[in-house]
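Once you've had a glance at the structure underneath, I'll fire off some questions.
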Amino acid sequence: MKLRAKAALAALAVLVATPAAQAADPVKIGMVLPLTGPTAGYGKDGKLGADMAAAEINAAGGILDGREIELVYEDEKGAPQDGVAAVQKLMTRERVQAIIAGMNSSITLAESAITKNRILHVNPAAQADAITAQGSPWLFQINNTASTNATIFHTYLTEQMAPKAIAVMGENTEFNKAVLENLREIVGESSVELAEIATYDGATTDFTSIITRLKSTGADMIYVIDAYPARTAQIWKQIRQQGGFPMEAHAVGTVQRSAIVPAEGAMEGVITADIFIAEGATGDMARFIDRFTEQNGVAPNKVSLVVYEAVKVVAGAMDKAGSADDYALISDTLRGNVWTTPRGALSFDDNGRAKAPYFYIHKVTGEDVGLLDTFEVE
Amino acid sequence: MTDITTGAPAGRARGGSASLKGAGLLALGIAAALAAGFGLGGDPFLLNLAGYTCGFAIFALSVNVMLGGLGEVPLGHCMFYGIGAYAPAMAMNHAGLPYEAGVAIGMVVAALIAAPIGWLTLHLTGAYFSIVSWGLSGVAMVTALNLDVTGGPLGLFGFSRLAVGPFDLSRPQTYFFVAAAILLAVLVVLYHVRGSRFGRAMEAIRQGPHLARSLGIDVFRERLKALVLSAPIAALAGALSLPYTQIVTPEVMSVLRTVDALLAALIGGVGLIFGPAVGAVIFTILPQFLDLDPNVKVLVFSLLIILVMVAAPGGLHQLWKAAAARLSHARKGDAP
Amino acid sequence: MIETLLEVSDLTVGYGRVTALREVSLTVRAGETVAILGANGAGKTTLLNAISGVLPVRSGAVRYAGRGITGMKPWATARLGVSHVPEGREIFPGMTVEANLRLIDVHGGGPDFSIDDVLEMFPRLGERFGQLAGGLSGGEQQMLAIGRGLMASPRLLLLDEPSLGLSPMLSRAVLGAIAGLKARGISALLVEQNMRAALKVADRGYVLRVGRITAEGSAAELEASPDIRRAYLGV
Amino acid sequence: MDLLIQTLINGLILGAGYALVAVGLTVIFGTLHIVNFAHGAFFALGAYATLLIERAGAPYLLAIPLAVLCVAAIGFALEATIVRRALYDQGEHGSIIVTFAISQAIVAAIILVVGPDPLPVPSPFGQTAVSVGGFFLSAQRIFIAAASVAVLAGFALWLRRSVKGQQILAVSQNARGALYSGINVPLIRSLSFLLGIAAAGLAGALMGPMISAFPTMGDANVIVAFTVVILGGLGSIGGAMLGALVIGLGNALFETYVSVSWTPALGWVLVILVLLLRPQGLMGRAQLDRH
């Protein structure tokens, strides 16, 4: 008993004696990604992008007069509680200087409650408008908001494709809610009818009946709102098996190779959109894709890109601001400058939302998406 | 008794419950909490985590009222935890009530809901009870996902002030001390319950419902009492998670949470009054210090759990007891 | 000299700290029916369970047909010809009478027993052949349990309280059937509380008292002995 | 009317798939009293094994039995090292914890070895759909339903007719009695565990082409299977099949005519209603107060 108590005390002493960070240390950036659980694929893609960005920055001599970037990863496991735990651990234990966290909207919202007014937080991928609508001065978002993306895409769907009636199915998530709200608005201004909206739970195993029901409405367009690759593949296979719809669309920013490949051709011709496309890339983007492919043996996807950009932007802003922890200064620097990324010139508005110059309408072709149309964002 | 099919002991060994021992352990617990609180003073992350761990330990204790007390596996207990987390969140965000009022409402609601649920499910035992209670928590989760007052899939966040009286729970140290104090209070309550008539009735039921019936115990009523007792404790635990998570989402009612608490109780020892609390500490704090790839960590942790269960199906305390028995044998000089 | 089929020597069996049997020794010769007499809790059931291998043995030895079977598992002893008809029948309630008999795939090397042989022995089972065993009366279940034990073609049958809970008439029928087994060359070790009935069937007997053998002798000797009565009264 | 017929077809085919997942759960519970939370992980292993064997060059129809063998082999290894030691006769507490840990370990191992992204499981039936009188039937689904009915019927027949099958039922009804009958109870238990695991693997191999292979693919299916098993009565094979049919049709009808978002609650509501009327499930034998 005595021995055990002593051992416990010794362990405690070790915990307490964790040394504080020193000035010459590398700049630590906390990376919160889903590394296990159902969305671990996104975490893996994001990590490749982040590692590449850090390697490039360090190879070029680091930031703030030679300090290196060190990425500290924590797993959010695809659950809000774990996301919060990861952020807290990174902030208080690892004493990171910035947090890059944001794949799923609900989890990002939970995380942003912790980071608000305490640390620089960059959300690379989550889209829900509520995240940047909170008025957190040190919160930034690399991806477009759901409403920005959806407005362009939904306008394209209703005006360019002009279906008579749209049937919608999507998982009951915050992302889905935001997209649906926008769809109702845009469709309401047009002559297009919303035939039916089916919202399913994440535990749903089969979609045949939902699709049967949607088909029975006579809608000529199906629009699927789902961000999980495996389920996306499954849904499109089942839509195909029931004969498909004359027009088929999938929500913005959620169609990756990881969904198209397991769909085994069932997604061919599906219309979607994103802020990134590999096809026809030129300039910085082409070079980014080449480097990434060479280093990792696989082509980058949107997730790899936005996480790469997040690391680059954070490092760039710290360097320019001349500080790694004056968040007001770094945030002003972020808003007051234009950042060069593979996508082109990126700037941030008062809400911390990034504006990228281009938006692409995609059509699934083979094992990837092909370019259908390019929009310039005003 | 020995089970004839394998020759293995049929009943699980139960820890001693001599009152002296219990009181001593309680004092030790208080000392440990104080030492830990001041010791961790410099590390807000660990303090926050320790606060959350106290809440989780309370949940494990609540689960153990069913597990160690009745011998049932309440897979759906996360429902009460969820009610406890949602109630203060809704009270603060929708009604402008203070956190404490929300916590109290949550505990009352949990107890009120536990009664009809118990009436529905407690006629069942064993796997039937476990899986049906799991199903009910699934229904609760779907409900939280589809309602507006619960914030739907997004959940509720942005709470005004998480405080108990003058104690501001957003300060890690305060959060830890308040949570630890509540944990100790729950331990004291459960300790007294165990020694009461009701506690002895539960013990009789656990050993065999037929035996209990022959002793004149109304088995169903005592089982119902156990559920109604444990539900508000689970709700209290859920409420205590808010300062740590800062958000409530439907995911709070995931069965994984109950499984975690079951693991904590089983690893710490279901027969010991403080076993689940010890298990909770092992379970939440230990993985933070395993510096491994997250998937390797899951693999290692799962294998450790399996190893413990293979070596000591009654939990870690069985190993301690075996070691203690061997020691005392050695001291006496006779072979074990 | 007649072959010794079963030889139990200095057998000690315990559960945890409780010792249920202490240095028990007995023999059963080929073709013999031997009764174990004793009050409730004397260790009779434990003795049979230790012989068939259902319970582990603490010390001592069990020899059967010239080989040591101490600590052998019950499915192994069954293959050697030891068939155990347990206390409480332990039939399969959700299966038909037929299925209860048919699922035995052991041959113990004794005289062959077919389902027809069992039905001939217990005609009542024939009437209930297609019914679920759980719905049988206590006596019928006992017949089924004995029939199941015989389907393993044993050389030695261990019978645990076959007349427990049966009406006098049924109990006579069951014990009569056991007597008939002797004619087919099957030895039996019979545990009974019904002393009179048991001694009518048995050749010899042992008296078990709180885990020890206190008396042994021929059926006639035991019936006359005052010691037995004491054993039963548990004085 | 057409909608109703299509919905009923959907439900029947869905039910056949559920039955296959559920039957393994119920066999393992019936004979071993193990609540197998790792069932979904073995389901996933079945799909991954099929996929890897196909990549090695075998056609789908050959890959299915090979995959089932692989999964059974993994099941055997786990049974011999863990399940046999930790779980038999230890009640349901231990089994929930250990099988849950096994499940987590398998999912983590899949992510480490194969990666987290979903992968296609190629099947010759592909995306082809058969249109009969205006009703759509996917070829893969017809294959799943046919294979599942054939396997389940064969299994039921084997249980009823063969001595080993009868011994499995005997052990599930009365393990003590089986011991007294000279049945090698540990062997029968191992066999039951292997059969249950093999059924999970087979379900994964059959359903893989439809839902593609990903590490947590079994989770949602096993939740449904649990409702099916409880509805039918734990340990009852006929009950599992009936329960699968009820849940399959119920879900399909509810999704088509009532509400999609509340469907996951439907199975549980059915379960609770049935248990109120018949605590042992539709076809289960009374197991109350049995531990």
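Order of writing sets the labels: A, B, C and D. Residues in every chain begin at 1.
Simple rule for what comes next: a contact is a pair of C-beta atoms (placed from the backbone, for glycine too) under 8 Å apart; a residue touches a chain by one contact, two chains touch by 3 or more.
Fair warning: this is a prediction, and the values are worked out from it, not measured in the lab.
Chemist: Name, by label, each chain that touches both members of the pair chain A and chain B.
Modeler: D
Chemist: Which chain maximises the distance between its CA centroid and that of chain B?
Modeler: Taking each chain's C-alpha mean as its centre, the farthest from chain B is C.
Chemist: Which one chain sits nearest the middle, judging by mean Cα positions?
Modeler: Closest to the centre of all protein C-alpha atoms: chain D.
Chemist: Taking each chain's centre as the mean position of its Cα atoms, how many Å separate chain A from chain C?
Modeler: For chain A versus chain C, the centre distance works out to 74 Å.
Chemist: Let me have the rounded angstrom distance from the C-alpha centre of chain A over to the C-alpha centre of chain D, please.
Modeler: So the centre of chain A lies 35 Å away from the centre of chain D.
Chemist: Chain B to chain D: how many Å between their CA centres?
Modeler: Computed value for the inter-centroid distance: 31 Å.
Chemist: What whole-number Å value describes the gap between the mean CA coordinates of chain C and chain D?
Modeler: 42
Chemist: Any chance you could list the residues of chain D touching two or more other chains?
Modeler: Residue numbers touching two or more other chains: 108, 111, 176, 179, 185, 223, 261, 264.
Chemist: Mind pulling the residue numbers of chain A that touch at least two other chains?
Modeler: 36, 40, 172, 201, 203 - these are the residues of chain A that touch more than one other chain.
Chemist: Return the residues of chain B touching two or more other chains; collapse runs of consecutive numbers into ranges.
Modeler: 4, 138, 142, 145-146, 293, 295, 298
Chemist: Where on chain D does chain B make contact in their complex?
Modeler: 29, 33, 35, 82, 85-86, 88-94, 96-98, 100-102, 104-105, 107-109, 111-112, 175-176, 179, 185, 223, 226-227, 229-230, 234, 261-262, 264-265, 267-269, 271-272, 275-276, 279, 281, 287-291
Chemist: Please name which positions on chain B make contact with chain A in the complex.
Modeler: Residue positions touching the partner: 35-36, 39-46, 48-49, 52, 138, 142, 145-146, 152-155, 157-158, 172, 241, 244-247, 249, 251-252, 254, 288, 293-295, 298.
Chemist: For the complex, give me every residue of chain C touching chain D.
Modeler: Chain C reaches chain D through residues 52, 54, 73-75, 78-79, 83-86, 89-95, 99, 102-106, 148-149, 152.
Chemist: If you look only at chain B, which of its residues touch chain D in the complex?
Modeler: Residue positions touching the partner: 3-6, 8, 10, 67, 71, 73, 75, 120-121, 123-128, 130-132, 134-136, 138-139, 142-143, 145-146, 209-210, 259, 262-263, 266, 270, 293, 295-296, 298-299, 301-303, 305-306, 309-310, 313.
Chemist: Tell me, which parts of chain D touch chain A in their complex?
Modeler: Those residues of chain D that touch chain A are 2-3, 6-7, 10-11, 13-14, 108, 111, 115-120, 122, 126-129, 131, 136, 138, 140-141, 210-217, 219-221, 223-224, 251-253, 255-257, 260-261, 263-264.
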